[in-house]
């Protein structure tokens, strides 16, 4: 028997790249968390301790910052593709790269009803994400883009039920016609190609997820996720597939009858753990194969 | 020599109370994290293990939920005062109580340009806080209110300098005429009394903090904090004092000259640790004494 | 074009199950974080909102607690297998299940040189993990076990170099003959079967990882990981494969020459972000196929 | 009415100072998180934006690293005192300083039954802390030391009751003769002076806290805290006062009777929030006045 290095990747994670555009007094800010990784034939580094093919993670870090200036940032996706292409180009033994970007949103501070030129308030809430996976070199290079968001915290105070479920001898849950439904959504969608208006598509998909959540009746979080996914696929043919990881953040009604008070859906306790965890992928039936688009993507599957 | 129980308080921390108002189809949501504590003559519990004067923390929890219904929630401050008064009333040996509330903000989900009736998106960003300290019973009861916010993340991409500072043999910092100034602000202000429109005052003070940050030139974070405090005190005579804890979240310019590129305030790395930490209190010179208003208030002083 | 539910699983995550054995005065404690998920034909719940095949996540939670008593806990792996088998049995439409367990270690408190019978101190440090994936029903059921640990924080203050690496125009890193090497290791190993003495094997593999880290010279974290993996595979034929995710937790020497002091590997600053991230899998060349053993396993690949 | 700068301090927080002693092959490691702050007459910086008296936080950072070499680290307390004295000396307008240090413990990796010379495993669990507050200059300088620990997670699986408590109309808690008692202890003790063997005293007090927790019957967490404090004060006359902040980490027995199973203290669910929070200070009745020893000390009072 022998041992094989069956997979490896290496890079610099969580480079906190902040790019300010200040060509005119109205500044723009891109606040990014950038992680890069190279894949390929790096067995010599592992097995023989020979680093001659290893572009240091420190260099990958430098590249992330250099490209924020040299290439610039117009979207997380465009920037990530450029960084990934550069890393492969600089690393002869690399067969591929993965660049992950998270973007933190900032709003202009409101002064007298208008957004300030150079003072910003971090928005909080959902974080925009992208994972770009490149494989191959030069003309044969494939570029796969999985974009999404995380920490989109949603709640409906009615319009949600859960009943008619399977029961066994350990089932004690009561059926309910009306409950709070809340989640902290992670969604990732795979684009069919790269001819995409990244920013406007992100905005449209985010808005669609919110609107579907708000406007559809929920017979289970499962149904709500499927509807959210189906609506996105229907409206966006550039999207091949969408995946969700959705904790069911339980809000349990408090028993106030013990104290002579009625609680008709008014007082809840929000709990931390345990939580339901519903995961689902919805795919266009004519979607192109994912290849390595999801390889090493965190949080789901 | 003997030992003395020189201070004690006990209670239930982090009750996650969610109150939905659903009297009409347009629901309202108050999402609170409520911590209560009783103070007083509880030496018997500590020294003798005798619980006869101890209202259980479990009962304090029940009270927090009951009062969300019985008293209702119109503001964190009003609710906290009611809970605190009830706890003292139910606990004959209590000489005082402290009720801390954090409020998480939710926005209505936008559907066709209008906010939805019962579907919400958690805003993220700053959390509204209050710490209500009650001492004494009945007619002699004093109620002190310290409200504020935390995690208000602010950034200016210009309009900030730092120069002319003291130097010693360990000083290597370069002076700068133009830097990014960023912080994650904790602010707490003590009200002079309780005849306050809690919600509108919170809104006005929050807006003032933002506007001062945006519109004043900064020669140091110290100066900016002082200006923020002075502007609040000037506009709000109901505020006796305001305290700040402000990490200087450093954004260092990346040296791109090594790579033949100019970086004129365009590419920064945001660092986590260490960070400057600037703390300051600004007080009205005719402010009433704080008494125990700040006793056991976390995060500052 | 249509849409397909291409993957789904659902369950209850992070059940904090604490099992005390108290058959005699010398108590034993198993402190677990248990997450369960069912997979299978649950399209009706997603697409039609019909819950008739859905065993509630609340029931999965109850099952986790019931089995801590009814089946008992002798190891995370044995317990997880039992819970998974039960969940599939109770869910006719399930084709498989995944049960993830984390175990927090407790030491007996030392009193006069001996461990106390029923008073414990949480050890901190590494968390033992297992992910058990079951597929199929009854006689055809396959059980795959991936065990491991996370948050094993290791540091060598010498015996580590990094040099001879690839350089491009963005490379500024200096070569070093002597550096601190530190990581917070995540390791997961796939067992070839289930006839394993889970606890003693866990102990032996943990000890082997530590010993290899300590006793081998490191020409890169990549080499160290490979050695750790190879040593485990060599000594444990019951292990088919081992995977690592290892942040390179940088400790940079502080430039004290600016202050007339020499720093020969004595004073370092430990940084948070960015960090190198090295991931590798080492596999026995005659290992059985993994099947779905790694499907939806967090943290790596 | 005017506004007054009523308090201020500023410094560099969370410098991650790692000091390796390598004078012989058996290395030693001190892994510290160091926060410094200066107090004094810095109104010019706040009110006028004049930095001439402000020693930059960057210089404070440099000083923390320089002193790890120049002064060295033999204990958190000794090091913190030296750093504080230096900062006051370098800052003519400072009236005082506070230096906070946390120490992360590392064990030597065991190889063949012996601890390795230069390979370490981070212990996890409790973190040792100190807060040194200096006021005044030169001969009049007062040095006050508050040392302690945080995150000491303790659990007793029996030997704890809670009964005979006060009841009101919102009390639903059942009395119990036997429960799990668990906490994540924060303890801070104020030394009466500075003629202390810091390391051995820390070890003795830590051991005493554990032993008292283990060996005394608990009629409430309040009683246990008081006993822990009284035992420390009795054995350590160099300690003037000890304060505790102790969450009651609830472990609720799971109702298995619903499933025909008995649960006699065997299966529990550990909950996150809410939690009881018990805080107490025990003081020697002839203790010297604390002065500013507790000013701005986080976590309690």
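Each chain carries a letter (A, B, C and D) given by its place in the written order, and its residues are counted from 1.
Note that contacts are C-beta pairs under 8 Å (C-beta built on N, C-alpha and C of every residue); 3 or more make two chains touch, one makes a residue touch a chain.
Each chain and its UniProt protein: A, B, C, D = Uricase.
Not measured: the values here are computed from a predicted model.
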Most remote chain w.r.t. Chain C, using mean C-alpha positions, is B
More contacting C-beta pairs: B-C or B-D? The answer is B-D
Cα centre of chain A to Cα centre of chain B, whole Å, reads 31
Here the gap between chain B and chain D, centre to centre from mean Cα coordinates and rounded to Å, is 23
Chain B to chain C, mean C-alpha position gap in Å, rounds to 38
Expected list for chain A, residues touching two or more other chains, is 15-16, 62, 66, 170, 172, 259, 271-273
Per the touch rule, the chain C residues reaching chain D in their complex are 15-22, 27, 29, 31, 62, 65-66, 68-70, 106, 109-111, 116, 118-126, 151-159, 180, 207, 210-211, 213-215, 251, 254, 256, 259, 261, 263-272
Contacts from chain D onto chain B in the complex sit at residues 1-16, 35, 37, 42, 45-59, 61-63, 66, 90-91, 162-168, 170-173, 218-220, 222-223, 225-226, 229-230, 233-234, 237, 241, 243, 247-248, 273-286, 295-296, 298-301
In their shared complex, chain B is touched by residues of chain C numbered 169-170, 172, 258-259, 271-273
